[in-house]
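Structure, as structure tokens:
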Amino acid sequence: MNFASDNAGPAHPKVIEALGRANEGHVGSYGADPLTQGAADKLREVLGAPEAAVHFVATGTAANALALACLAEPWSAIFCAPAAHVHVDECNAPEFYTGGAKLIPVQGPDGKIGAASLEAAILAEETRGVHGPQRGPVTLTQATESGTTYSQSELEAIGTVAGRYGVKLHMDGARLANALAASNLAPAQMVERVAALSFGGTKNGLLGAEAVVLFDPELSWQFELRRKRAGHLFSKHRYLAAQMDAYLTDGLWMELASRANAAATRLSEGLVAQGYELAWPTEANMVFFRAPARVHEAAMAQGAVYHLWDEAGEENPDRPVTARLVCDWSKSDGEVDALLALFA
Amino acid sequence: MNFASDNAGPAHPKVIEALGRANEGHVGSYGADPLTQGAADKLREVLGAPEAAVHFVATGTAANALALACLAEPWSAIFCAPAAHVHVDECNAPEFYTGGAKLIPVQGPDGKIGAASLEAAILAEETRGVHGPQRGPVTLTQATESGTTYSQSELEAIGTVAGRYGVKLHMDGARLANALAASNLAPAQMVERVAALSFGGTKNGLLGAEAVVLFDPELSWQFELRRKRAGHLFSKHRYLAAQMDAYLTDGLWMELASRANAAATRLSEGLVAQGYELAWPTEANMVFFRAPARVHEAAMAQGAVYHLWDEAGEENPDRPVTARLVCDWSKSDGEVDALLALFA
Amino acid sequence: MNFASDNAGPAHPKVIEALGRANEGHVGSYGADPLTQGAADKLREVLGAPEAAVHFVATGTAANALALACLAEPWSAIFCAPAAHVHVDECNAPEFYTGGAKLIPVQGPDGKIGAASLEAAILAEETRGVHGPQRGPVTLTQATESGTTYSQSELEAIGTVAGRYGVKLHMDGARLANALAASNLAPAQMVERVAALSFGGTKNGLLGAEAVVLFDPELSWQFELRRKRAGHLFSKHRYLAAQMDAYLTDGLWMELASRANAAATRLSEGLVAQGYELAWPTEANMVFFRAPARVHEAAMAQGAVYHLWDEAGEENPDRPVTARLVCDWSKSDGEVDALLALFA
Amino acid sequence: MNFASDNAGPAHPKVIEALGRANEGHVGSYGADPLTQGAADKLREVLGAPEAAVHFVATGTAANALALACLAEPWSAIFCAPAAHVHVDECNAPEFYTGGAKLIPVQGPDGKIGAASLEAAILAEETRGVHGPQRGPVTLTQATESGTTYSQSELEAIGTVAGRYGVKLHMDGARLANALAASNLAPAQMVERVAALSFGGTKNGLLGAEAVVLFDPELSWQFELRRKRAGHLFSKHRYLAAQMDAYLTDGLWMELASRANAAATRLSEGLVAQGYELAWPTEANMVFFRAPARVHEAAMAQGAVYHLWDEAGEENPDRPVTARLVCDWSKSDGEVDALLALFA
């Protein structure tokens, strides 16, 4: 009963099969192969962005840090949510890749950036000329690290603020498929105001493949140089491309995200029915709920695997502790129900 | 007839199979899985280094740049061969990862660093106190980018010089298996004086997996932090580990290298028999030979794919041009002979 | 009536004279001159730190960024006050010099870091292994950017927390003399728990000279290399040393700080007597007070020069606006009273 | 008899006087003062560059590294002479400031870059797409570190090559005045093809002041941000400006350089008359000559202070050793003759 992460689950069998099919004969290396071109075209089509530059990397941190480095200067302030993966879970990768930009946490509801807070944060920069950092991009995570999603109106509000100050928008879409599966928006609508997108695949059924989409293709060559000097350009590039190609074929990516979301919904509803309180609404494939510490201990003792989100505090077994339960595409109803039984 | 690169060929089917086997159920992410531990243990055993820290990354450039960053300071001089991959083919990755170290080319025979030249280069640094860069590590490529290998006595001479000045040794072993297959040395002998090893797999039958071996395990945690902030820590780490595990099982890695070397030897001998001159001795899996420009043009027109090494010069079809022919593990005698026929 | 900054005022005439005296004949460059040795010795004596390494630079940002780079790793979190100069007024210099460390704002009273908040901030890091930044140094400004000072007990509380977690302490002492002049502490007491000190001079009567004091002399050589590669090693070093030497001779540094503090006290008391409210207590040489926007406009129209601290808000002439008034060593009672008259 | 460096001598008394005159009252900090504006205007006029951006820093390394960072990308190759100060004497400052660019030594006569070698070096880059560094700026030192100067035709040849490939030109003019004093060229002619100039003052009579001239003023703001985050923006900026202002007033800068050159010429001719051999022609204010080791030992024993350039080799007192003798503006004929007497 492993609900620790969508990184803990397997890749989808079709992706493994695609690797096998790709493993024939000799092709150009470093992306000069037909699979790479094809997969990039598919992603452009999915996003309704025929001119966008599409490049593949193997990890989400690489995607985010390289994308931000294309949008920020070393002397920039980058605006992000306090819990943004780029801020708390990438060991200063954005600072490394940008050459020293500063991440500015911006408050908002349910793990999201609020548009008004963003405007205040932007206005607080560039008030001292050369002395402070300069306004750089804003990055938002869709779906968020708290398992919530930005609505269309929230995206519009943030995009409007960003546009007002000439601030570019990066979207960390490590779970973009989950956000799409939870919404009525077409992909093109969801990324409408985005300058650079980290398009995730690894958390949703791939072995390790992400895309960076640069809607301004003039950034493409810079990205390629940054990727190469960071060691993120794969020589046998077809194996990245094959994953992404399988992902985007016949809607596999959306099917897997829908499955994961459905499992999380089932889990979330079950917990609420049992009287537990959610920390944030369950809008994608992650459930955050509060339970007494002893409940978590008991569940883990029976084999449940998941992360606690705030372990600090005195050693009172009744203290409420938030936990994160993540459903990947492979979670069955049975597995969800078995976990729920542990909390009953 | 693609002899462009060992990156152009397929992965070995056993490696694809290993990915399929690894794709079962949920495991710890970021390396906290049994396959990772097992593959690291196998590599420690192969190298006779039970205490060494072993970490996996997906590309050779990442392996080299991260390893060098653990051995060098931002104000270091790093000594390398003029044709070293880290110097000419990694788009300043070592400079990026070290925070600004300087690479100093050191001459030597057949694409190698010479021990006497290395000593002179080391002596030329730290002559001006704080003003110049400080002596940092030496990095050598085994087998070299010129298809040659360092002999045991050459390694000893370089190791002796390095040791005399407290200079640490990095080995770029992107083709270490090819070098081993060409020598009588055990792996432990070949890396005897090495502080950090980039242990290649991608060029020799994997999809994309390399190991960094730190013989001083105290560097391990620093490496892990550097890898994470560079975005090179795989979340679904088992898929890196599965490749490396298959590679090190039943001697697959040496078998594949031996096949590649044998193909290169056959090719090299065939070219010499036809009267062509080699640029450097064929000691691993790459052949560098000179032929009139028109010969290359004719071969390529008939479908041969490979790289020319010095295309400059006036447009004389009789001018000699060096070419590189690379044999990966999958090259059959028939394919070699077919290529030879084009040059006959 | 310029109260804009302690950077706006003149150097003390004794310092100019010292430059003239230093300007005789040929001496060793890059610090190999007797004046440099002498000035460093004087500072060691003043601080009661006979073993400390002392190095000179020309700017406070250089002092801070170089000192922090010696205490932090690129993957560190550096703990600072939200208004810390290093965070808001150095254009990402700490991020640049450390190679990408992250500054974490820590709340506290009156522009200071609070010990309890510091402990919470430290505890919030290193909760996720390799994924988040690692605990780095804490930096505090004494006197603060808000014109307040850390008391001995506050310094002890912070030092105790830092010590508990092995976190090193940097003190930005751009106005250390002002803090000392406001306290009963000896210099050695004030820096008792400090690992690296930026010892200011420029704001207190020098043209441009600061010292970095490393209480662990093992950091000295690293500092020298960092300073050189940053272009902060002066070739004609005697002119930095001459300033610092004059500063530390016959207590000039403390005399100038006392004068500046006295002027600020006079100004602060005058404003309070006129009914104005202080934003923070006046404990060093800066006064922060609130007045209606129209009062500031009127004062400036009559020639007062100073900075407003929060200019945002609707265009209501009665809205309260905080202003900063800085007294440097040269402010006379008459000048203070003339300014006060504008606010009467 | 100190001929060790032009950094070892005093500032000109007029410069000290200018500091005293500048030390009156309160002025804007960080360059917002009339002296700064005036000095920049004077330099623009001297260079015949009314549109150029002019910024001041305190050290030559800062000037060079900041200027190069404005012309290069982190993935650039920067072309320089093998003995360039930026390459061998700045402790990797260019690598630090550019974020990892690579310096490529280019051969040439007498410490200079040769135009043909430069073209070959440029052509050798960008042959491998994204894998190698990209062509960045060329930097030349005028006068060179070998005491020679580029002639107008040499500058034109280099400028033509650079222009052919879109490569920008940086000039390290730490001794630009000496080069001008040795030539018939007007300043505007000498910098005709230069994109960014490090205009030296420290080696020629100032305490510590250099200018960076950006002939494309669009680089100005980027420069200002880079300077600030590097800690090279002086708060009491008038003291940098006062030096530069005095330097450029009534031709002081050219007068001092002429004096230094004349002293070097007298010294060089004296040595040649005594039968010594020059390592390179004496064209500015430095003399490089060869003498048996025992001659240097004897001279130094009698109080001569200067640097040997190649101390390596066996301990034979008759072996020829090159020495560098530097004349700053303050060298009198008597001092030169006294030194010559030691070599007689």
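The letters A, B, C and D name the chains in turn, as written, and every chain counts its residues from 1.
The rule we apply is simple: a residue touches a chain if its C-beta (ideal position, glycine included) is under 8 Å from a C-beta of that chain, and two chains touch if they have at least 3 such contacts.
Here's who's who by UniProt: A, B, C, D = Low specificity L-threonine aldolase.
In this text the structure is predicted, and so the values were computed from the model without any measurement.
**Q** Which chains make contact with subunit B and with subunit D at once?
**A** Touches both subunit B and subunit D: A, C.
**Q** Decide which interface, B-C or A-C, involves more C-beta pairs in contact, and give its chain pair.
**A** Between A-C and B-C, the larger count of C-beta pairs in contact belongs to A-C.
**Q** If you average the Cα atoms per chain, which one ends up farthest from subunit B?
**A** The chain lying farthest from subunit B is C.
**Q** Subunit C to subunit D: how many Å between their CA centres?
**A** That pair's centroid distance is 34 Å.
**Q** CA centre of subunit A versus CA centre of subunit C: separation in Å?
**A** Measuring from centre to centre gives 41 Å for this pair.
**Q** Whole-Å distance, subunit B centre to subunit C centre, using C-alpha means?
**A** It comes to 50 Å between the two C-alpha centres.
**Q** Scan subunit D for residues touching two or more other chains and write them down.
**A** 30, 74-75, 90-92, 96, 99-100, 130-131, 225, 228-229, 233 - these are the residues of subunit D that touch more than one other chain.
**Q** Between the chains shown, work out who touches whom and classify the graph as line, ring, star, complete or other.
**A** complete
**Q** What residues on subunit B touch subunit A, complex-wise?
**A** Checking each residue of subunit B against subunit A gives 2, 4-5, 7-11, 13, 16, 19-20, 23-30, 57-66, 90-93, 96, 202-203, 207-208, 225, 228-236, 239-240, 305.
**Q** Report the residues of subunit C in contact with subunit A in the complex, numbered from low to high.
**A** Interface residues on subunit C, with respect to subunit A: 74-76, 87-92, 95-96, 99-103, 123, 127-128, 130-133, 311-312.
**Q** Residue numbers of subunit A touching subunit D in their complex, please.
**A** 30, 73-75, 99-100, 130-131, 134, 224-229, 233
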